[in-house]
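Down below are the structures I want you to see.
Two complexes, one shared chain (chain A), two partners (chain B, chain C).
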Partner chain A sequence: MDIIPQLILESLLLGAFYAFMSLGFSLTWGVLNIINLAYGSYILLGSYLAYSLYTYLGIDPILSLPVSFGAGFLLGLLTQRVLIDRVMRLEPFMVLILTFGLDIFLANLLNLVFRADVRSIDVPYAERSFILGPLVVTEVKVAVFLLSLVLTGSVYLLLQRTWTGRSIRAVALDREGAQIVGISPTRVFLITSGLGTGIALSSGNLYGVLQGFTPFDGGMLTVKAFLVSIVGGLGRVESALAGGLFLGFLEVFTAFYLGEGWKFFASLIAMFLFLLLRPRGLLGGKYYGET
Partner chain B sequence: MGRPERILLVLLLVLLIFPPLLTQYWERVLTSALMISSLALAQNILLGYTGYPAFGCIAFFGIGGYTTAVLMKNYGMPFWVSLPAGALFAALLALIIAPPLMRLKSHYFAITTLALQLALGEFVANLEFTGGAQGINLPIYRGPGGYLVFFYMFWALTLFSFLLNAYIDKSTFGYALKAIREDEVAAETLGVNTVIFKSISFSVMALITGFAGGIYAYWITYIDPTSMFDPLLSVKVFVALLIGGLGTVGGPLVGAFLLEILSEVLWGQFPKVHGLILGLLIVLIVLIIPSGIWRR
Partner chain C sequence: MRVLEVSDLEAGYGDVQVLRSVSMHVNEEEVVAIFGSNGSGKSTFLKVLIGTLKPWGGTLKYMDHHIEDLPPEERVRRGMALAAEGRKLFLGMTVEENLLLGAWTNRERSKENLEKVYTYFPDLYRKRKDLAGDLSGGQQQMLSIGRALMSNPKLLMIDELSLGLAPAVVTKIADVLLRIREEEGVSMIVVEQEVSLALDISDRAYVFDLGEIVDEGRSEDLLRRDSIRKTYLSVL
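After this line comes the complex of A and B, so read on.
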């Protein structure tokens, strides 16, 4: 039996999830021009939140998506107000160091509370699958795929159709220009940070359903979000989709043909080459953070 | 060199007579403080004077360390040959990738070097002759002086880097680097060949960092990809630099010692939550003293 169609299916399913997962990273980078190295730990916060809600209260991780989003939104507001806002005026690499410190802090906090064991959210439908022609389809992956598409679509609508979304895009395109027409960048930064962190935590729910996690997986997740953001270009939903699919295909095919061990290396080399050769992404950049 | 720098130099020289009086614990703390010092002074040449933050500087630490280890273990070369070979290899690689890499600036440059560091770590973990994820066991040093030898090696590397920083601070070469830091286009217009100067600055950083990696590998005797390409070490170097002050001769040295001794004291007090405290410390340092304690 030919394996290629199965690999393509897996890549597509995974790619949509990566697109949604990275949307928050891409958005905060595009709008605020900051690279948040704690992003992966934010995702894990969501996974552990969903894990706790499921284990202790029996709430399904898909039903707790709004809880994660809400918690993430508040966390985003808080970190923006208390930390990021104060260093945004300084050299951009200061934000890197700050968020790296935050990442170490969060990973160790999770480690203190949950220990370093691999956890997974064992929903009853985790193992179910069905056969579709030559393909084996895992139900939970399809569920995550569909949810990712719906959520990504809602972020798209939010950015395109609401005044909040328009003001976010305005600030991303031209900070001074937005200020002239009466938009407060500080407020937009706050909302974007909340939105981005909310996306991170809620994608954590889905991540926890897809696979096991430990407190120290944050760095790897940040790299993934980074690669997805850089492939397409920053801050736009369609770019995140392109980047997500790219990463999905890259991971599935590398793991199959070269072995699981080369998967992360492939992402890193792709990230390195993209930064070196096409730092504005395949679709071209137009946002403030990219100029 | 101004007066504060000269005082610091004297203190550094005084440090040389200390070791025989120290307990093993403090010998280890001071050795690692000297290692961070040399790394921070190396990074200072690049970030402090040239304005390029190589967040993934530990890539060259890993290259230096692994080259040294592989030459010793697989080819039976003596340490005194393997060490410079590793450092030169790191510097050479840096020289080759510098021109395309240094077209990027600021956090793009920072993240690209970090990606390189992590990628190299993964690469080494997947190779056969580097011992894969299991790493390499080096022979244990049994020569004269015992482990104090590593203290003296890091001391010598720190002294060299310190004098190099002092030289760069006042030389024409240094002025060219500073011109690039302040305004690269203007520097180019004034006839500074920015590509050459940037690349040299990058390679010098890689050379010192490679030396540190080689000495570290022999000191610690067991190396693996996680410890040799550790992003935590990168961030420590940057935090040491930040505490001290960027683009100053004395700052990196003071910052490295403060950070090492501070974290050592904290580790001893709260072994269970040292990661938490380190994270918090980094956040606080960036918020409170972003420009460092050593005046430029």
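After this line comes the complex of A and C, so read on.
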């Protein structure tokens, strides 16, 4: 049996999830011009929240998506207002240190509460599969794929069709220009931070049903979001989609042909090549910032 | 009635003082020109007026209210608008999106104002789906002014009206500005290096040099003044 169609299918499924997962990171980077090193821990926070709601209250992680988004939005607002807003006026390096510290804090907090054991959200449909001719795909992957597309599409519509979305894009393109039309960048930073963190936590629900997780997986997830943003480019939802699909294909094909251990190495090589040769990424918005 | 009244304004960047004791005013439906050499503080002055740069001292009164401590968004909401130096457009967004964002503080009238701007600048209507970054310099200047008009300003400030534009385009834009003043009753501050243009389209003018106002008067009087003609119009 030819394995290629199966690999392509797996890549698409994974890539769509990576696109949604990285969207918050890319948005925060593009609009606030900060790299949030705690992003991966935010994702895990969502995974543990969904895990707790499922284990103790029996709420399906798909149904608890709005809870994670809401909790993330509030956390993003709070973090921005209390911490990041004060530091980002100084210099970019200070934000890196701050979010690095936040990442360590969150990882250890999760470790304190949940211990370092691998947890997983074992929904009943995790083992069921669809068989489409020669292709086999688990129901849970299809559900994550569809939800990722719907949620990514919702963010796209928010950014394109609403006044709030336009104001976010305006600040990303020209902060001073936004000020002189009457947009408050501070307010946009708050909303973007809330939105970005909300996306991170809700993608944590999906991550939790896809695979097992521990409190210390945040660094790896941040690197993936970083790679998607560099490869795809900043500023647009389409860019995150392109970067996510690229990472999906890269991981699936590298793992199959070279082995699991090569996945991360291949991602790093790709990241360096893009930074060197195409800093705007595959689909970076014209006139948006370069990574 | 005075739309704007500035007294003893001081401002700068870091430790460098740029504006020194600047006092001026703008009357209702008046076009006031500001000109002077490069680095004389003209653009800095407009930044202080719109609120993106905080003044060090002095007073700013708009429609008889102190505005020194108001953020830019509140000044725009009250009717001040700036077509900024370098145009500060959202280059990755379409012409129409740029215009709509100009109505951020006045959303309920965005459709009506959009039609009005397209009437003043038909070129923008033809290019409404294009990215702002893909427009010519003249069209970008029209967009910058059009975007400022979307908020229904009472005081429109334009920085470097003619910079980098062909004379025919400048004339076209200047004609539209005079029409806007006539039809909308908008007061204007026009910062311009091309002194003959500045004096042609304005009622009064202020001359900036090294951050200070060194001369002022009615534009027609300034046009006849020897010192102005020798220094700025190269007439011997």
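As a convention for this text, the second predicted complex is superposed on the first by the 283 of 291 C-alpha atoms of A that agree within 3 Å, B and C clash if a C-alpha of one lies under 4 Å from a C-alpha of the other, contacts with A are read in each partner's own complex, and residues count from 1 in each chain.
Following the convention adopted for this analysis, a contact is a pair of C-beta atoms (placed from the backbone, for glycine too) under 8 Å apart; a residue touches a chain by one contact, two chains touch by 3 or more.
Everything numeric here is computed off the predicted structure, so don't read it as measured data.
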{"item": "Which superposed partner A:196 touches (first chain B, second chain C, both, neither)", "value": "neither"}
{"item": "Touched partner set for A:183, first chain B, second chain C, both or neither", "value": "second"}
{"item": "Chain B versus chain C as contact partner of A:243, first or second or both or neither", "value": "neither"}
{"item": "First, second, both or neither for A:91, with chain B first and chain C second", "value": "first"}
{"item": "First (chain B), second (chain C), both or neither touched by A:167", "value": "second"}
{"item": "Doubly contacted chain A residues - partners chain C and chain B", "value": "none"}
{"item": "In the complex with chain A, residue positions of chain B that touch it", "value": "53, 55, 100-101, 104, 106-108, 110-112, 115-116, 118-119, 122-123, 125-126, 231-232, 235, 238-239, 242, 272-273, 275-276, 278-283, 286-287, 290"}
{"item": "In the complex with chain B, residue positions of chain A that touch it", "value": "35, 83, 86-87, 90-98, 100-109, 111-112, 219, 223, 226, 261-262, 264-265, 268-269, 271-272, 275-276, 279"}
{"item": "Parts of chain A lying in touch with chain C, wherever the complex brings them together", "value": "163, 166-167, 169-170, 173-174, 176-184, 235, 285-288"}
{"item": "Chain C - residues contacting chain A, complex", "value": "50-52, 71-73, 76-77, 81-82, 84, 88-93, 97, 100-102, 104-105, 107, 131, 133, 147, 150-151"}
